[in-house]
Amino acid sequence: MSESATPTQKGQDFEQVLDQSDAKVAAFEVKHHTVLQRIQHVLHNNPTLVPVIVLVLSLFAFGLIAGGKFFSPFNLSLIMQQVSIIGMLAAAQSLIIITAGIDLSVAAIMVLMSVIMGNLGVNLGLPTPIAIAVGLIGGAAAGMMNGLLITKIKLPPFITTLGTWSIFFALNLWLSGAQSIRSQDIDEKAPLLKFFGNAVSFGGARITFGVVLMVAIFGVLWYMLNKTAWGRHVYAIGDDKDAAEMSGIRTDRTLVTVYMLAGLVCAIAGWASVGRVGSISPQSFYEGNLQSITAVVIGGISLFGGRGSIMGALFGALIVGVFQSGLRLAGVDVLWQVFAIGWLIIIAVAIDQWIRRVSA
Amino acid sequence: MSESATPTQKGQDFEQVLDQSDAKVAAFEVKHHTVLQRIQHVLHNNPTLVPVIVLVLSLFAFGLIAGGKFFSPFNLSLIMQQVSIIGMLAAAQSLIIITAGIDLSVAAIMVLMSVIMGNLGVNLGLPTPIAIAVGLIGGAAAGMMNGLLITKIKLPPFITTLGTWSIFFALNLWLSGAQSIRSQDIDEKAPLLKFFGNAVSFGGARITFGVVLMVAIFGVLWYMLNKTAWGRHVYAIGDDKDAAEMSGIRTDRTLVTVYMLAGLVCAIAGWASVGRVGSISPQSFYEGNLQSITAVVIGGISLFGGRGSIMGALFGALIVGVFQSGLRLAGVDVLWQVFAIGWLIIIAVAIDQWIRRVSA
Amino acid sequence: ETSACLITKTDTNPFFVKMKEGATEAAAANGIELSTFAGKIDGDVETQVAAVETCIASGAKGILITPTDSRALVPVITQAREAGALVIALDTPFEPADTADATFATDNFKAGVLIGQWANAKMGADAANAKIALLDLNASEISVDYLRNNGFLQGFGIDIKDPTDIGDEDDPRIVGNDVTNGNEEGGRTAMENLLQKDPGVNLVYTINEPAAAGAYEALKSVGREKDVLIVSVDGGCPGVQNIAEGVIGATSMQFPLLMASKGIEAIKMWADSGSKPENTPGLDFFNTGVELITDEPADGVPSLTSAEGLKKCWG
Amino acid sequence: MTTPVVQARGIVKRYGHVTAIDHSDFELRAGEVLAVIGDNGAGKSSIVKAICGATTPDEGEILIEGKPVRFNSPIEAREMGIEIVYQNLALSPALSIADNMFTGREIRKEGWQGKYLRMLDKPAMEKFARDKLTELGLMTVQSIKQPVETLSGGQRQGVAVARAAAFATKFIIMDEPTAALGVKESRKVLELIQDVRARGIPIILISHNMPHVFEVADRIHIHRLGKRLCTIDPKDYTMSDAVAFMTGAKEPPAEDAA
Amino acid sequence: MTTPVVQARGIVKRYGHVTAIDHSDFELRAGEVLAVIGDNGAGKSSIVKAICGATTPDEGEILIEGKPVRFNSPIEAREMGIEIVYQNLALSPALSIADNMFTGREIRKEGWQGKYLRMLDKPAMEKFARDKLTELGLMTVQSIKQPVETLSGGQRQGVAVARAAAFATKFIIMDEPTAALGVKESRKVLELIQDVRARGIPIILISHNMPHVFEVADRIHIHRLGKRLCTIDPKDYTMSDAVAFMTGAKEPPAEDAA
């Protein structure tokens, strides 16, 4: 038998030469780069720059169209304020979209929790910190409900949150009796609820605590996603859930924490929205879900999961805010504002795609 | 050299025995099955039966809750009528979801095309067939616009149709001036627009042509998806677009035809909606997009593409219709209707998932 | 040049579209530069807040607004007034009403009462056996919705219990409530549903005329269009025409064009002379009026005919 | 004789019409390299998946070190120190090589950053990953931060093998670990298998490469038509015999205690 | 000498930092089996993908039968009669085996059903698919209607190979076609390669299996660090030589016209 001789020696005959094989890590000379190639290279390695560029371009475009008013510190800080709540929702939404999910209930959770805080703090007169704590815990619980339905009953996130959206919306109408809580009553009984409406002003700009909070939320979530094991797991799940499971991630547990955290962020946004709007309205932010998803997608986070930086969502939200503010200031008719925003969404993402493509 | 001897003979030594190897196709005895296993087996091979079962169960549940009225031929045929327009949208939506896309603009296309038909046929007094033809062509063109943006500019379907939704919606408001066209004016100037409102009655049931049209649309699309090469390509694209491209499908061209066809179906639904509603209202069906997606997902079509039968969407639409009708007949308050429908969506899909799982 | 803003609830409702047209025309006549804004849907507070802020940022002299939530917008309106703008609420008052400098509105409750009284008078003795279907707006029960609904019921002589709640009545004559989203499609579906509950419905209240047109189609499809009375609110031209053609029995007409043009004139005055408009005596708003339109006048309820109505209708 | 590390009896797994495992037995002994060979579709992957909890068998029982187990997910197996190199690799395409090597057992920074901020020690993980790849002779990987989806087929397989070898304590299952590997890299994997065995950790090796199998295996499990046909000692039989058994060309020897 | 079927010169492909092809040449001659060997990550898959249009090279030119081409997608290559078995297979997981074999060239029913209703002839496609798999010796596929995702790794590879062989008219590229295949199935693929060559259709065969390469190849292209190191005639060199060249253990022969 010709093969029975080999097992004792090392492998088949032709493998004997392997000892002498090359042992260097492959390396190629770095080529001389043109400026354009260098830009492409930077963009390739920092995809978050793409929405930043779109943002800067749209700032300039609207500066030209809408004139000096647009660039006033007041207006620019106003855009930040207007974006802050949807921005926070977009942060929560990003977490979920990175896991390849989608959450149609973010805005409903937010409004429901602000209504709960108001009911407890203003209508029932409980101490405000307790009212806020109950709201925040409620947000996490609502997120947990989504997460458990998705992981334990294995429902698709879209349909789960479509269902819970209706549920939270109905609860919200029931608890509030479809009535807003008046600003004056909040001032009187639970001014802490309006904490994030406070602002520091300098040079015409007015930075509310809500804006600071939004930026802080993005910062913390960015850290968690990029610098901790939990964050790597979140990306791995979005990338390929089966592979993540097989390579040892407790995907269900991680997903539940993601939905809970998103719910908590929504509840925080609910608190901040009291400061922003001034009163507590059960009917506000009805379109918040779609707006948060829009911000996330314009920010370059893939709806298929696993790709994109949460910072993109911040810039995405700002891009939308800049568009809306610019169009309003330019005096465009509402009808044509809707029309233009449709086009601008398409064009913004097209630019994003195009930059990514040339840099690939 | 021991290996230089082998190339002339057939392969390595140990391969010489292969000539005698077994050449039967593998087969295993079919095991004795219990009734339950047999049911599971049937469900496994016919996943469309799952929504059918959910439908039947919910029919029975509401029959019990809402009493005899619910089961009257009149009520059952009424549910069909109420479902017919959303059902057609769900058919269009299914096509797109099977390609792993999503279309947020279906309802906007539908309403826009009904407004165009009405403007031409009633307000401008053109011959009705021409008005209808323009509307249908317009629907296909709107779909083509979606398809081209998605394939040529490589925008994600979600963001594309979010954008075009705004665009079509704005056009609709502009063309209609937010004014409805009255039923009486249609009767007088363009009765053909109401064609699908005609009905045949028997035994208390009232089957409108619109209902027949919806069933026919599902039938034709089912045939196209399952019996033609185009249909196989649509599934292959939804399954894995890159693989489809590499194995020789012109994915872009196919996708454009899918979006065009979906747009055409939406325009047909727009025509049928005139018969159903009686007048032409630019404000109707605002939630039609989400409703059509809900129907598709309840019908067991995967949002990730490539899986599920379009017939599922028909049953999904009917399930939603049955829930809504049953709850109303049971006298549930609107608020709690919203709440209950949230739960029922979740439970319906959970049952679906559960049946699939035990049968896997 | 004086600049002003008009902020409406939505740009899909013909009522607000007409209001915008009226304001645009009046602004052009008065040499005012008008920017217009609207929420995306009823209840879209956030968009209205952003619109007010934009008006402040652009230095508008006056703001005309139909608040989508009478309480929620109070803080931002206060801010606008502090920034020196004249704020006038159109159609819907704020809560409290003095949040705005003035309110030009219809009394929606009154509008409901008129059609309720008319229906009661029209049915006469049969009113005791009425079977009433109530076709409301949506699940959110915003103020227009409950004011019109409860006004109608009170006018008809039904105990409305909580005047801000829809559906808490226990009068056996009420078959049920359903929501229409204020359009034909919703009107038809809601009517079908309530007919299923009780095929004997003989009086239908509708939140607006498109919903009424939808309800009529549903009745027609079961051959009941002749023996059911439909009442509505709004006074849009298609609605008045439907009165003439017997689709709707009676409707309460409002005057959005008047509200808009009065609002623009008030801003003009404010800019020119710094004087503010005054309220109708005895009310905390300026009543732009409401008229009952019907071709079958009933005793004790003053009304206009559809022919007269067509001259005053708004779109 | 000591208790076998893995013992499975009468495992059955059906998928609708298809029978993947048909009353199969399985045994892995302490310290051995057990090769599993068989035609394509014979059910080799299916049976090892049943053992590590990646699928749940319809019938049969599995004992690990004498104790009956019922894993609901491969994580439970992994927590017992069982590592698997799947045929389809189970890597997260968009994550880097280092991230993939450490999923579920990341290294945190020392000190407060790691303790309170739970910050990852990326340099440490990257160094470890590079070392493991170098041990495997995968010198063509240009950057350790590359996402796995940009690696060549063979490079990916190398990452999966390196991960399993680095972390196993009880036993390793390798489903065709050298299928996509080059001559040099395959040789390294075989050496690695022998190293792991020398550490006392037994290995289940599924492979179609007869010379490799006969080189490293202590026993060979021959799988045919969903069940174990026989197990043979590579010293008693030739490659031709093994191929003949597994393809049905020859009757297998009466099942002995080999 | 006749014009080569494929001729590529100075092909370069970079991905960010990573250089996948570094000024490589390539040549396939009429009627031959050209084996391409090299370490993992050497760039073998990259260069064949550049040839068939699956990626666009950054630099360099490609001539097919002497005419310069620039494919924008593999469909254009396919329409010229070029078939590719990709390393990652390019099958649609949820579709059946028969559907996958025929994507893009389905058979319609005869008569009016096919002509006007464009109805597919499923029985014909299924029969054809079963025949092709049987030719390959893939007897373990239990149902031809199975979705491809339920097949074993080797069975899937069989489907991809069968598809390419059935439809190619100009040449076939096979990227490690036997990697996941069993002994019997690999043998069938080698026979198939020889059949295809006998039909006059040249084949590019990427493989890590030296005995296979030396058995069927007419010439061997050795790829190293992103470029062609040399081409050799298997009759002039031993497997040891080839392995030594490709791993850098020995200097290659001066590039000749082999």
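A, B, C, D and E are the chain letters, set down in written order, and residue numbers restart from 1 in every chain.
Keep this in mind: contacts are C-beta pairs under 8 Å (C-beta built on N, C-alpha and C of every residue); 3 or more make two chains touch, one makes a residue touch a chain.
Composition by chain, UniProt nomenclature: A, B = ABC transporter permease; D, E = Sugar ABC transporter ATP-binding protein.
Computed from a prediction, not measured in an experiment: that's the story for all the values here.
Asks: Using the contact definition stated above, find the chains touching both chain A and chain E.
Replies: In this structure, the chains that contact chain E and also chain A are B, D.
Asks: Provide the labels of all chains in contact with chain C and in contact with chain D.
Replies: A, B
Asks: Name the chain whose C-alpha centroid is farthest from the C-alpha centroid of chain E.
Replies: Measuring from the centre of chain E, the most distant chain centre belongs to C.
Asks: Sort the other chains by how far their Cα centres are from that of chain D and give me the top one.
Replies: The chain farthest from chain D, judged by C-alpha centres, is C.
Asks: Going by the touch criterion at the top, tell me which pair is linked by more C-beta contacts: A-C or B-D.
Replies: A-C
Asks: Would you kindly tell me how far, in whole Å, the mean C-alpha position of chain D lies from that of chain B?
Replies: Inter-chain centre distance comes to 44 Å.
Asks: Between chain B and chain E, what's the gap in Å when you average each chain's C-alpha atoms?
Replies: Computed value for the inter-centroid distance: 39 Å.
Asks: Between chain C and chain E, what's the gap in Å when you average each chain's C-alpha atoms?
Replies: So the centroids are 72 Å from each other.
Asks: At least two other chains touched by the same residue of chain D: list those residues.
Replies: If we look for residues of chain D contacting two or more partner chains, we find 15, 19, 41, 139-142, 183-184, 210, 225, 238-240, 243, 247.
Asks: Could you tell me which residues belong to chain B and also touch two or more other chains?
Replies: 1, 3, 12-15, 18, 21-22, 26, 28, 173, 335, 338, in rising order.
Asks: For chain C, give me the residues that contact two or more of the other chains.
Replies: In chain C, residues 11, 41, 139 touch at least two other chains, as defined above.
Asks: Show me, using the given definition of touch, all chain pairs that touch one another.
Replies: A-B, A-C, A-D, A-E, B-C, B-D, B-E, D-E
Asks: Which chain B residues qualify as touching chain E in the complex?
Replies: 1, 3-4, 6-7, 11-12, 14-15, 18, 21-28, 223, 227-230, 232-233, 235-236, 239-240, 242-250, 306-307
Asks: Using the touch definition up top, name the residues of chain E that touch chain A in the complex.
Replies: 14, 16, 19, 22, 41, 210, 225-226, 238-240, 242-244, 247-250
Asks: So in the complex, the part of chain B that touches chain C is made up of which residues?
Replies: 69, 75, 78, 81-82, 173, 177-180, 182-184, 197, 199, 206, 273, 276-279, 281-286, 325, 328-329, 331, 333-335, 337-338
Asks: Would you pull the chain D residues touching chain E in the complex into a rising list?
Replies: 15, 17-19, 38-42, 45, 87-88, 138-143, 146, 150-155, 157-158, 176, 179-186, 208, 210, 225, 243, 246-247
Asks: Once bound in the complex, which stretches of chain A touch chain B?
Replies: 1-3, 12-14, 149, 153-156, 158-160, 162-167, 169-171, 173-174, 290, 293-294, 297-298, 302-303, 335-336, 338-339, 341-343, 345-346, 349-350, 353-354, 357
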